[in-house]
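The structure appears right after this line, and notes come after that.
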Amino acid sequence: MATTLLKLTCPDRVGLLARVTGFVAGHGGNLREVHQFTDERAGRFFARLAIDSASLRSNVAGLRSAFEVLADELGAEWSLWSAEEPRRMVVLVSKLGHCLADLLWRWRSGELRCEIPCVISNHEDFREMVEREGIPFRCVPVEAGNKEAAFGELGRILADLSPDLVVLARYMQVLPAHLCEAHHGRILNIHHSFLPSFVGANPYQRAWERGVKLIGATCHYATPDLDQGPIIDQEVTRVEHFHSPEDLVRIGRDCERLALARGVRWHLGGRVWVSGNRTVVFRD
Amino acid sequence: MATTLLKLTCPDRVGLLARVTGFVAGHGGNLREVHQFTDERAGRFFARLAIDSASLRSNVAGLRSAFEVLADELGAEWSLWSAEEPRRMVVLVSKLGHCLADLLWRWRSGELRCEIPCVISNHEDFREMVEREGIPFRCVPVEAGNKEAAFGELGRILADLSPDLVVLARYMQVLPAHLCEAHHGRILNIHHSFLPSFVGANPYQRAWERGVKLIGATCHYATPDLDQGPIIDQEVTRVEHFHSPEDLVRIGRDCERLALARGVRWHLGGRVWVSGNRTVVFRD
Amino acid sequence: MATTLLKLTCPDRVGLLARVTGFVAGHGGNLREVHQFTDERAGRFFARLAIDSASLRSNVAGLRSAFEVLADELGAEWSLWSAEEPRRMVVLVSKLGHCLADLLWRWRSGELRCEIPCVISNHEDFREMVEREGIPFRCVPVEAGNKEAAFGELGRILADLSPDLVVLARYMQVLPAHLCEAHHGRILNIHHSFLPSFVGANPYQRAWERGVKLIGATCHYATPDLDQGPIIDQEVTRVEHFHSPEDLVRIGRDCERLALARGVRWHLGGRVWVSGNRTVVFRD
Amino acid sequence: MATTLLKLTCPDRVGLLARVTGFVAGHGGNLREVHQFTDERAGRFFARLAIDSASLRSNVAGLRSAFEVLADELGAEWSLWSAEEPRRMVVLVSKLGHCLADLLWRWRSGELRCEIPCVISNHEDFREMVEREGIPFRCVPVEAGNKEAAFGELGRILADLSPDLVVLARYMQVLPAHLCEAHHGRILNIHHSFLPSFVGANPYQRAWERGVKLIGATCHYATPDLDQGPIIDQEVTRVEHFHSPEDLVRIGRDCERLALARGVRWHLGGRVWVSGNRTVVFRD
């Protein structure tokens, strides 16, 4: 059953949801799922509407131009698209492949609806794993002396691909600010700690040293400030005194996979907004 | 900030949410929170709208009579009330008091917005615990020979109290069908297992014998079929081989308290619908 | 750091742990990790000792023959082996590959210390996925008319491989009793429900119909009674009213993967005993 | 069934567990439960032995003086006591009573085996709640100008009571260093965040601002450095964008209660060691 998605945010006012749902009904649209959130502190309204495409009297393009008038009046940031149009996801990885392997498996099994036009790494390790899935693999080495050139090349590749989502699947490089900004709100990172605990390097070792009894992983949007971006999801698991730092690394991998997979799925499904340094997430 | 709540369910059709939210906007109502669910299998629509009372041009009574027209047209079951009007909750308990104590604490601390016109028990054990909170306590003994008379008396007490919610807080008696029906959809039970596992008596012992590695509790609406009613919430916790059946009883108490408290809170907040043998729950 | 493992169970008596640890100390063995459980109901003792191999004055064979005397006196069932000797794990799969893929990934990444001499399926679907890992793949079709012959062949293959562990990784066939018995205590199944709820077919559909708020998966030893064998581990995750049966299938896959992976790891590490229809598990 | 507990830690060496269990066996002691942990990094051994008192040929005093010889040889810190001798727990509280109420309920229901010789508060609010349980209540006001005197008085009261455990059950005062040191390893605090996130004041507000998707509570030993002491247990729960800071406070209370109750139970049961800034916990 084809679905048309409408996602918008605008300043709150009386009658907003009536206007938006009235617009959909005026085009014959049967609503399959509606999520709404009013941030009363910020005076802001967020909504996601899933519409039965077959019930609509216009196609997506027609609906878009019709909605533009209302959206302008409301001062809305919005998008309207067919859930069947695949989104484009680029994955960046270094030498730890568990998140990449997990994403590839979920993608192949249909859990993640997207195209993967490219996997990019600063190492060659996963070329075979990627190419055997029929996905192009690009290696852009990043070394102490060539960082600027490397990130320049990476920037050009990403600009050409114009992805809806860039996933840092344990990509062990800090992206320069110009890349974060060029793809603002579209770069997803998985950090291997329960943020804001253990920002930065070696979080499992530091978690062990602090003696925490739960470890975790955090999926968040990347911003120029390391590990400070808006959080989409987190996952934790219990550990005990007998677990070594190496055990935490092993156990934590499952947290990383789960938190990242959910973040990716929700971003692709148009279920996430950034609101200040927080996110609004309509989980599925 | 005073809030008016509108809760309705009706057959699904195009434009439904627009009609309902349009009605609210037409009375000046600013929507604070809207939850909606369309059960596509059943062709049924469920919604809960929280409206800023101060923004409304009518009081609750006026709004009710205005909504009646629309509700009739939509074939809706509905209710509309002020969130500040306290709901009435009656608690039934036997000789295990952890759920009762937990509810009383949450009620006193303001977590549960309701009046408790009475706690009823088939034993005297908790009279003092209840009365010192300023709540009337009634003892209705239920013994092998007097069940019919006892449940007759219980039925009369409940009829007089006309509660919005009857909580079986480890009330160790099976309610007769006539009582379940008289308060259909308003009797909440906590069963000390992860249903549908271990329906009936001694679930912790049976969980131990089966060697499960997680135990749990289930908050559900009571129906004449023991432990078969619609589930509102469940809670689980991990156990290990070294836990005895007595340990499971101890550990499970926390599951019972948490699952019951959430179910009670959501029922009181108008966040639960029964749909067939399933529930729709707009969690908070 | 090489490790020697000693695993034993015997009737409980005074001084048992002193005897066993005294034996190890008498051979110079430094204990790295000791787990012990006394089942007071059954009057049975269970222990697992991890010994620093470098500290031992005998090799494994020498230690084994020395221990035999004590073990006979104690009436123990026991095994003693080098943690570095790889265990042999055979995986059986049908047409759902998420558990197989997960096990292969964990095996390749070193999380599961074992050899995989063969993956066996009743379908050809995963031949490439298996063979590209350098693992032999055998297809033994099981059809309505040929079940006896097929399981005869399967039995011969397994007998030849003499595995330490046979994993039913969503193998959609019920194993005949003679196979369960031939590999008693060494066949691990993953069932896609939170047992004992939803034994048998279509558990996700039935979980949806019952309206449970948590779904799960159970890793257990296979016995001739379907889904009745001793449970090793279980995993659950929260679901809501808006999740369809298909969503439960998707969400449940992560539970299945996690519960199975832990069960496999603990069995391979000699951390699991069957005691009646319960298990003793020294988690790591 | 009466139980004698032996708890010890000492430098690791070959044959340690054999020596200790041999000692117990030499006195006829039947071991009910043995927990052992060797911290290989620190070269330290930790053990807790639960012995069937009826099987012992000596009483606790006799066993203690017999064990002293071995303990000296091993360089052990140790204690040996009857599980039936009640430990003494003093609770400190300010104006938030949920943790106190929870501890009182668990104590009254037999979940926590201890005496409570006194509850101390800097406010009068909970006098009735405490005294109706038959527990003495002391009010020691702490105000801006009188802190030194107040903590002097508190110190004298605690010194008189010589408690095995002092619980800071949301006691909103930072204890001075001399009190932390006087009861080193015997003061348990509950911090209302998932440490090391949100050390210090207003953690729920700060968690909301950071937009975390899980909130939690941490039970740890108090040291002079605020919220830096060794962690015993942590508990988390999921939150969403629609939860306000006030919701986090409400939801977090359940985490606080659970983490604190477990920490208290394990401390009272002799199941916790401090090892550097980490803890060894033999959970039950």
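To keep things simple, chains are lettered A, B, C and D as they appear, and every chain counts its residues starting from 1.
Criterion: a residue touches a chain if its C-beta (ideal position, glycine included) is under 8 Å from a C-beta of that chain, and two chains touch if they have at least 3 such contacts.
Since the model is a prediction, treat every value here as computed from it, not as a measurement.
Novice: Determine the shortest chain-contact distance, in steps, between chain A and chain D.
Specialist: Shortest path length, in steps: 1.
Novice: Compare the contact pairs of A-D with each of A-B, B-C or C-D and report the one sharing over half of them by residue number.
Specialist: It is B-C that repeats the A-D interface.
Novice: Of all chains present, which has the mean Cα position farthest from that of chain B?
Specialist: Ranked by distance of C-alpha centres from chain B, the top chain is C.
Novice: If you average the CA atoms of chain A and of chain C, how far apart do the two points sit, in angstrom?
Specialist: Computed value for the inter-centroid distance: 36 Å.
Novice: Can you work out the whole-Å distance between the CA centroids of chain B and chain C?
Specialist: Centre-to-centre distance between chain B and chain C: 41 Å.
Novice: Hunt down the residues of chain D that sit against at least two other chains at once, touch-wise.
Specialist: Answer for chain D, listing residues that touch two or more other chains: 33, 37, 242.
Novice: For chain A, which residues count as touching chain C in their complex?
Specialist: Within the complex, chain A contacts chain C at residues 33, 97-98, 101-102, 105, 109, 111, 132, 242, 247, 250, 254, 258, 284.
Novice: With touch defined as at the start, can you tell me which chain D residues reach chain C in the complex?
Specialist: 12, 14-18, 21-22, 24-25, 28-34, 36-38, 40, 55
Novice: Could you please specify the touching residues of chain C with respect to chain B in the complex?
Specialist: Counting only chain C, the residues touching chain B are 37, 194-198, 208-214, 216, 230-234, 236, 240-242, 275-281, 283.
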